[in-house]
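Read from first to last, the chains carry the letters A, B, C, D, E and F; within each, the first residue is number 1.
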């Protein structure tokens, strides 16, 4: 039991990952898919950050008062990954808004219908 | 100077992108910048190739930090092959882009188009060159994001949904890779690939390592359109602007295959991948299914670009098959096909791009009788098709020959048979188009269709010529690939 | 001591904001609540910096304040572009 | 210099093809180009023949695709024979084509002449191929280049016929022939043709049979049942094309390849030592009888000729598989004899169609009086098919028969007899009706001989058939070179 | 003037936040960033005429102090309605209020002030009216002919003088 | 000592205001009225917190940064509120008006 609890960060990660993944797969709404993707990515960020935690270490901002810091490398990496994630989200949402302009909907099934209608009418 | 080349080959297009953005008023300037930087990159790649063939490994360390912490760029035979493919294809295809995409991409997006193209290009090169696992992820995302942008610029509104689906699947794949890299970092405390390769074997058969491995396979599998994970690919290739399809089809999945090989052989090690995890028993059925099923699916496509896209999935199956055969010849076959497939698909997609440029569609009904109206373009398509089929004196033959050899080396005659059956199916789907192009009466169209402009036609024929050149002088590539395969096996 | 109390109070505020964010009912209610959550995070980071004697955290809270603002404007811009709110309402 | 000759023989048809394309809009220039090219090719091939007879073996290696896999040409007697047939018949066929195509006002004539030249290029490549890979490459080129010819009419039946044609030929070659080539390469590390065979020291027993089967059925152009279906399907083609298919290049390339594989890949002795190969022989024998029987039931003249071809081809395959020198001589001779005879028959059928638009045998009553030259040539061809002197068919059948007796293959002997009877049964009535029956229901009142080029061509080939009967020495000379 | 002020404030912002005043690389990056921001700001100004109430408010301490008091007062009022909603039920109101200001600058200051004070928020400007939502009807009534409207109108003149003096 | 007391005072007041605002957005009946509740926390509550913290840091760079934080919140808070209201208004979200008694609220 205590072991389970000591690994709680992984449980959080796994929980978030599943939430995000489920949303991406199950939601027919494109915006929600993007949000699910965000949650999914965020879970990985948390995993990295929690891995970098050093017992009794403080935030890795150099200061004369402290000697033990958390491992800064994962922070740096995840900063990059967050930037990438934001870019992905921005691109995804801009695609959604263009899809909305083109199809008048952001629902998966309605878009599919619209495309098959178009093919049918040809 | 030589030591800086690996960084330069990536930085040239990466720095050209913002310059391109500054001149965003004029697409022509963007185009010139794009073309010039692709040529410069190609020249650098050639210099590296010469250096490598005469000397040894080329290494470049960023920021003055020693490799385990700093980002390191390494060039060996394996990634040099990939760099040559990417820069070579770019150098040939980019000149055709401006003319080709003008009717397809909205004019206000054109400047952005070239920025994205450059970013995509530099991302692909970065993946190939970097020796750092996390850096690889970053470049993967740079190239992917710009690819999504490029695809979304397609004329048809379905380009948007195609780009969106690719974005979702691609991001999941990238995130999987990120997870795997994270676990590897947890286990070893390093991100440097060479360092990882040294440290991982001492871990033994840890559960976490297996998890990392699984995430890698699925993540990279998504990126390279491994058989059941390929669903994003057909639409993405079909609705992207045609020149983009040509560039991406020729390079993007190849680079992903490179990543797969790098992870399997250099990072996890052949010993772990094939003797402990037995990944070949996953790759084998997957590649066979890809080769057979998607080839059959290609038969029933009504859009030439979609047809070629499905064919691409099948061709990726060949590369995975080469890996799954777990012998040095098979690996060499995968690498040879990696190179060769870039040439064939580049030629084919660019030929289709030329047809789309004149006809405005790649639907088979619109291409009836195109052989008489665009004889040079159609002839190029036929030549590329012959290469896909694997006719001797084309590169396709060399690839298949090596694959069959590798299969026979394992004593798997049935596998050789499958390769031949797939070639037969390829004959049928290529022939369908040839028949339409040459032997079908064209529908009375009010607009007179002319031969493609030279700026597109010349790149097409350069690719076609390379299909034959490397099909005849195959030793240029096979020696390279065999060297890389020997090196990778030596590591394992 | 007082910093701990203040931090707890801020956490309560954020919790209530989350309640509103979940219950909606309109997208604007959610954005409003999320914005509030964000501004309180700014304050929380500042207070937490004083609590752990690391005033360097103030840089983070400035950064966060900016990000939060940009985020809210971006979301609103996106909602406006989607044009009718039904699209992202409950289904 | 000699090696250059091989290169010439390959380049000449290609140059001709380009010339034809360039002369697209000027029919006279275009046809002149075709004729000139074919004559030049004949000249080059004869030069090669003279060199070969002088005891030299010209060889040309173009490039090495992969270690042990080259694109390579070697002139040997068997290939020489085939090249001679193709080179002699091309000018004749061109002459005939001019008459036929103009007489019928066909469309896309440039395309026709262009692909014809390409097909000849393929045939010459097959003839001089120095290894299996080169053979395969040109074999496929021949298939692909003849497709536009087969579907020349462009209507739906032409298209569906073309699909069957292409489908069977491509799928057998890739599905069976290519694996066989790979197998040979895997065993021997080379695919070069060698006197005495490439594989004897590597294979024995059932493996020989399997490999032989892959070759015999993989070379679909040889038309051994059940892979014969492409030949009747290709009957949708214009007559000059049928002549090309049946006499000049395509089926000849098939049987020639079979003989070449038997002689230079297996070696006659290897196959002879393997009793199970008889099974393949029986396929050939069955084909001979079955195809003749089917031919008997066809009313369409060209279809009857097509099934006749299937049957005649299996004579050659049979000769190769009986595996004694006499029978191989017969097979080689039969390649030529059948070529000259069948081209005459097809030319005649085409001439009849051109002038009278008749396609069915039942319509031919009394045609001998309207088209005397044509029907005389037809008669010569029919004699050759049946094997009656003074036509060349007699000679080849004689050698085949002698070979069968020498090898104690009495079933083969029987088959030859039965088939001769059947041949007579389906050719004699045509000749009889043409000369002795009265034609009552003729609506096309005014027709006579076909255009002059066509008549000249078919008389020439009939003459060739007879000449071959009287002067077969050159051919024997070549065949003896094979055996030594 | 505008550019100078912007550059100055951005420079201060950068220096205060970075804390590195002698590292040439970081200072260089700062120069680049500031340059980029100014460039973007210039581009924005080319397309939109922007008025910001804040720089003007800093020049008018009297009004600012008054506004601060107003903010405190209205805060207290809203708090009262939150905790004692039974005895003080809210009366949400939407109203178009005629603005006494004549220029876009004055109107902007007024609308911004409305939004700054809790209890009222401006939607949009509609001719010389501003559409306002208030949580209490009296607060909206106050705006109609209250202190703030007049003060801003008075201020407008002064502000314009200053702007022209620049 | 005095500064500590001031810190206590400001932070406690700020906490109270924050919770008040949060309670307000829970309790108020419609979106537009919730905006007013939220704006309490953005203005007065944030000011109190920052003042309380400044009392601890005195005249230092930290105080400058704290003021910067406050300024940012004061600028962005109303701007965000305005953007929200404007977006909701243009999207056609109607405001609840009139006297809102508890019974009406329950019906809502």
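What to note about this one:
Note that in this section a contact is a pair of C-beta atoms (placed from the backbone, for glycine too) under 8 Å apart; a residue touches a chain by one contact, two chains touch by 3 or more.
Everything numeric here is computed off the predicted structure, so don't read it as measured data.
Note on connectivity: the fewest steps through touching chains from chain C to chain E is 2. Looking at chain B and chain F, not one chain touches each of them. Chain pairs A-B and A-C differ in how many C-beta pairs they share in contact, with the greater number at A-B. The distance from the centre of chain B to the centre of chain D, with each centre set as the mean of the Cα atoms, comes to 45 Å. Between the Cα centres of chain B and chain E there is a gap of 54 Å. For the pair chain A and chain F, the distance between mean C-alpha positions equals 29 Å. Along chain F, residues 21, 23, 35, 65, 68 each make contact with two or more other chains.
Across the assembly, chain B contributes no residue that touches 2 or more other chains. Multi-chain contact residues of chain C (touching two or more other chains) are listed as 59, 62. Judged by the touch criterion defined above, the protein chains link up one after another in an open path, with no loop closing it. In summary, the structure contains touching chain pairs A-B, A-C, B-D, C-F, E-F. Chain contact summary for the complex, chain C toward chain A: residues 52-54, 56-57, 78, 81-83, 87-88, 91.
The touching residues of chain A, counted against chain C in their complex, run 28-29, 31-32, 58-59, 61, 63, 65, 93, 96-97, 100, 105-107. Across the interface of their complex, chain C is touched by residues 7-8, 11-12, 14-16, 18-19, 21-23, 25-26, 31, 34-35, 38, 41-42, 45-46, 49-50, 52-53, 56-57, 62, 65-66, 68-69, 72-73, 76-77, 79-80, 83-84, 87-88, 90-91, 93 of chain F. Taken together, the chain D residues at the contact with chain B in this complex read 63-67, 69, 71, 133, 136-137, 140, 148, 151, 154, 159, 162, 166, 170-171, 174-175, 178-179, 182, 186.
Interface residues of chain B facing chain D in the complex, by the touch rule stated above, are 391-393, 397-398, 401, 404-405, 408, 416-417, 420-421, 423-424, 427, 431, 435, 438-439, 441, 471-475, 478.
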